[in-house]
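What follows is a single structure, written as structure tokens, with notes after it.
As written, the chains take the letters A, B, C and D, and residue 1 is the first residue of each chain.
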Amino acid sequence: MIKKDKMKIVSTRCIAKDTIEMVLENQFISGIAVPGQFLHIQVGKHILRRPISIADCNKELNQITILFKINGVGTDELANYQQGEYLDVLGPLGNGFTTDGESKSTVLLIGGGIGVPPLYYLGKTLKENGINIVTILGFQQKDNVFYEQQFQELGETFIVTDNGSYGHKGFVTDVIDQVGRFDCYYSCGPIPMLKALTAKLKGKKGFISLEERMGCGIGACFACVLPTKDGTSYKKICKDGPVFQAEEVTL
Amino acid sequence: MIKKDKMKIVSTRCIAKDTIEMVLENQFISGIAVPGQFLHIQVGKHILRRPISIADCNKELNQITILFKINGVGTDELANYQQGEYLDVLGPLGNGFTTDGESKSTVLLIGGGIGVPPLYYLGKTLKENGINIVTILGFQQKDNVFYEQQFQELGETFIVTDNGSYGHKGFVTDVIDQVGRFDCYYSCGPIPMLKALTAKLKGKKGFISLEERMGCGIGACFACVLPTKDGTSYKKICKDGPVFQAEEVTL
Amino acid sequence: MTNLAIELPGLSLKNPIMPASGCFGFGREYSDFYDLGKLGAVIMKAATATGRIGNPTPRVAETASGMLNAIGLQNPGVYKIMETEVSFLSQFDTKIIANIAGSTLEEYEEVAHAFNETEHVHALELNISCPNVKEGGIQFGTDPSMAARVTEAVKKASNLPVYVKLSPNVTDIVSMAKAVEAAGADGLSMINTITGMQIHLPSRKPLIANRTGGLSGPAIKPVAIRMIYEVSQQVNIPIIGMGGIQNAEDVLEFLLAGASAVAIGTANFQNPFICSEIIDELPNILEKYGFHSVQEAIGKGIVS
Amino acid sequence: MTNLAIELPGLSLKNPIMPASGCFGFGREYSDFYDLGKLGAVIMKAATATGRIGNPTPRVAETASGMLNAIGLQNPGVYKIMETEVSFLSQFDTKIIANIAGSTLEEYEEVAHAFNETEHVHALELNISCPNVKEGGIQFGTDPSMAARVTEAVKKASNLPVYVKLSPNVTDIVSMAKAVEAAGADGLSMINTITGMQIHLPSRKPLIANRTGGLSGPAIKPVAIRMIYEVSQQVNIPIIGMGGIQNAEDVLEFLLAGASAVAIGTANFQNPFICSEIIDELPNILEKYGFHSVQEAIGKGIVS
């Protein structure tokens, strides 16, 4: 079920360069949100809503955390909203990650930049289910890094920066070989990263979360489609995704 | 001289039905404002500024008072601005009333509805110059009445409402005969009122302040013109006005 | 009691509000938000003869008070639509309008004919103006004689009333309207989107993969009002008005300009309840401005 | 150092920024805000042969991210303009472009000829597209052969370079552009306003006294970008781009789409300093997106 509702801004703060963490409150939406889903947020009077992943969810406090990067006019305006104000939100949207892994198995989370957020709620949920978590997070450079501590609490965490200004230098794919055995991977990040990653991990069971410019966010307008591998059909990122099996789609 | 500047909202309050009094602070603009001039106010992201008369000006405190009625989307948004916020203002604009009357003379102020505001600063200024003030203010009905007290402090004040729910019943023109001798009149209000008034006071020296939808507000776009009596030329309300000699224009 | 009902060829509408084609899919997603039986009608997404995969993405971009789209007529084809979508929509107490598109005259005929086979479709909206189909769609929509030809063909291929959806991308909208009226159109639907473009500065390329897209939303409302005003004075068939409607005041503005009913597109994306909320608000707005019925307001803004 | 200079026929511009015709009067009012010598050029308000009184008021209305205007070519006539306005503007170190309009071919010729007499006017902008003049202006702007005729006539009547200002209210902007290019136009200016309308609900009448008005502002930017993109690929003369520009990013978008310089209209009303501020900001924006000069950015968004 999807709801259009007001979410109260419980807190908002800058956690890295141009990166905002915002905690939102709404009982219904937090009550049913699963990892990988997203919120479609009305910002000011903009004609289109902004899709932002659910980065964390606290069902006791009825809270959802979002993490977003100031990336244009909408996210810039969103960053200026203050604690106590309300956001008009459509959500939770999308399918979310399948988290039915067996306990005792190990999963690898690989996040790039602003693709990191959905992996946090996923990792937390998996860990609660007794699954081992290893994380690789890639950022452009040192001042973009966020949530390192939070992921470390879930398990071993590698930070990679493009220029080596923090953690390992290079790309997330460069450190995968340092990770031991894992049963499955979950990833979200820029397309070039996902391309390199799915190529490197070909044959492995994996799930990736994708982005596309959206209209409705609920599957009605056909804005956010992705052709299936055979090219004769398509998936809607907003409804059939944003999470797909790595093998299922062509990037 | 016209300035584009920020004006701080010192206070804002509702003084009658849908009628807001807002006190704004800016040294330069308050320093040179004369009665009858107006401010061209940027509200939100609206493409066109909103022209609002200067209702009072306190040169010691660097403050200007505006009074406006919620009349559409822009004034509605303006009413929601809070104390402490800033408005982007172009002003002071227009010519203003000529206030070179001789002291000891008597002037009649006639205001209708949201045409009342500019008359207050005018009346105050005239009174300071030793001129006697008599005021007639017309409103739709009781809950629209504002600034009665303030005008009474300037001199005798008649209130008229369309339905008689407060003061005299009828139109401002109905009570003019009750006013004694006066040397000159100043008026601002809806066109039908100004028409009736200038007809009734034909031959009297008088000044009227006019409204028109504006673009630039400074005389460049030719949006706000008014044909002169002979029809071969025109005046710009924003620059040559908003105040005109009653005889000068065709309503 | 304000009377919202309105009679149009083939469409006895309980109210003049319908979602615009392409902005509401086939209603499924929005049926989770409210009972579609509340709507005057539903205009379905464009149908072509066989399924289409549409344009590459990005397919949408945001503009000042508007958006661009270049979906490219993606749809599963008329037969699939009849089977799964019309049958789904037919459960609701509302009228169904099928938006039909094609690259050739024959394709239009085939689609029109197919929709004729079900009792659940009450009217056709002939989309001759989709700016995102390159094979010829643009020609039909900008040339009066081509538009007349496709209108005639569709009228022959089907017994359903035909509302021709006009493109605003023309020099002379009135002659387009007159041409399709003469060709037998039962009504008009206007306006479709205005062709526009946005260039993405970082990539230095058109943001929409198809380069150009159709501009919709409040930005185009003044153009829609102007065209409906002009056309309604020159034709005798009713107009379904659309272009930037966001609230009940906007609906009244379209009625005053000469529309007999309206469609709401882009606004559904911001607020999935918009059509339902406008239906609730419309009686108050009509009354506020002195009207007792929708019928009474039609064309009242026209100064002769 | 980012190079803002650009060479156009008859116009050596220090930067590509100029106020658009009709939105800056003859510069007087804005000269109180900043030194007009900072501008690449000033495009004056339209001039006709004898003075015009223009349309009744209201002449402007606000729309979503835009405005409508129907000023109706009010101006004191070309001779008065030469005497008082050109001489005023000539004190500033900037180029002067005279926007010329008329109801007949002869009037265009007369105005063009008159401006030829002063050394202070550097180019003509031929306004064939003013949607608010009914006597025939609209024909010139929407018919390629009429547009070509007036272009030829004006070229003969004057030695000044001629930039033909195109109307977006046409089916095929490219053929309009090609027609005036073939007729000798030295450049194009695009776009003028899109014809629109607003109905005032309380009075049930068109808000603009002239009924229709020209839509300008950010709302029309996607249409301007699309038309400039299309036209710039098909003609060999430079384009002065305009339509909804609000900031230096918008200027770059117009350059990428194929414009060689830009004009800023409606935005002056919100911010009288806008042209000056954009000139200050443009170097940063060019650099941010990897350009070292205005020249380098022109047409760089065009995908072939």
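Note that in this section a contact is a pair of C-beta atoms (placed from the backbone, for glycine too) under 8 Å apart; a residue touches a chain by one contact, two chains touch by 3 or more.
Keep in mind that this is a model prediction, so the values were computed, not measured.
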Item to check | Clusters that remain linked by touching, chain A excluded | outcome: one piece
Item to check | Chain centre separation in whole Å, for chain C relative to chain A (CA means) | outcome: 36
Checklist outcome for this item: In whole angstrom, the CA-centroid distance of chain A from chain B equals 56
Item to check | Chain centre separation in whole Å, for chain D relative to chain C (CA means) | outcome: 34
Checklist outcome for this item: chain A residues touching 2+ other chains are none
Checklist entry - Which chain D residues touch at least two other chains? => result 63, 65-66, 217-218
Checklist entry - Graph of touching chains, which shape: line, ring, star, complete, other? => result line
Checklist outcome for this item: Listing every touching pair of chains gives A-C, B-D, C-D
Item to check | Parts of chain C lying in touch with chain D, wherever the complex brings them together | outcome: 63-66, 68, 142, 169-172, 194-199, 201-202, 204-206, 211-212, 215, 217-223, 225-226, 229, 244, 249, 252-253, 256-257, 289, 300-301, 303
Item to check | Contact set on chain A toward chain C in their complex | outcome: 1-2, 4, 42, 46-49, 74, 90, 212-227, 231-234, 239
Item to check | Sites on chain D touched by chain B in the complex | outcome: 22-25, 28-30, 32-33, 45, 53-54, 57-63, 65-67, 69, 71, 74, 217-218, 266, 268-273
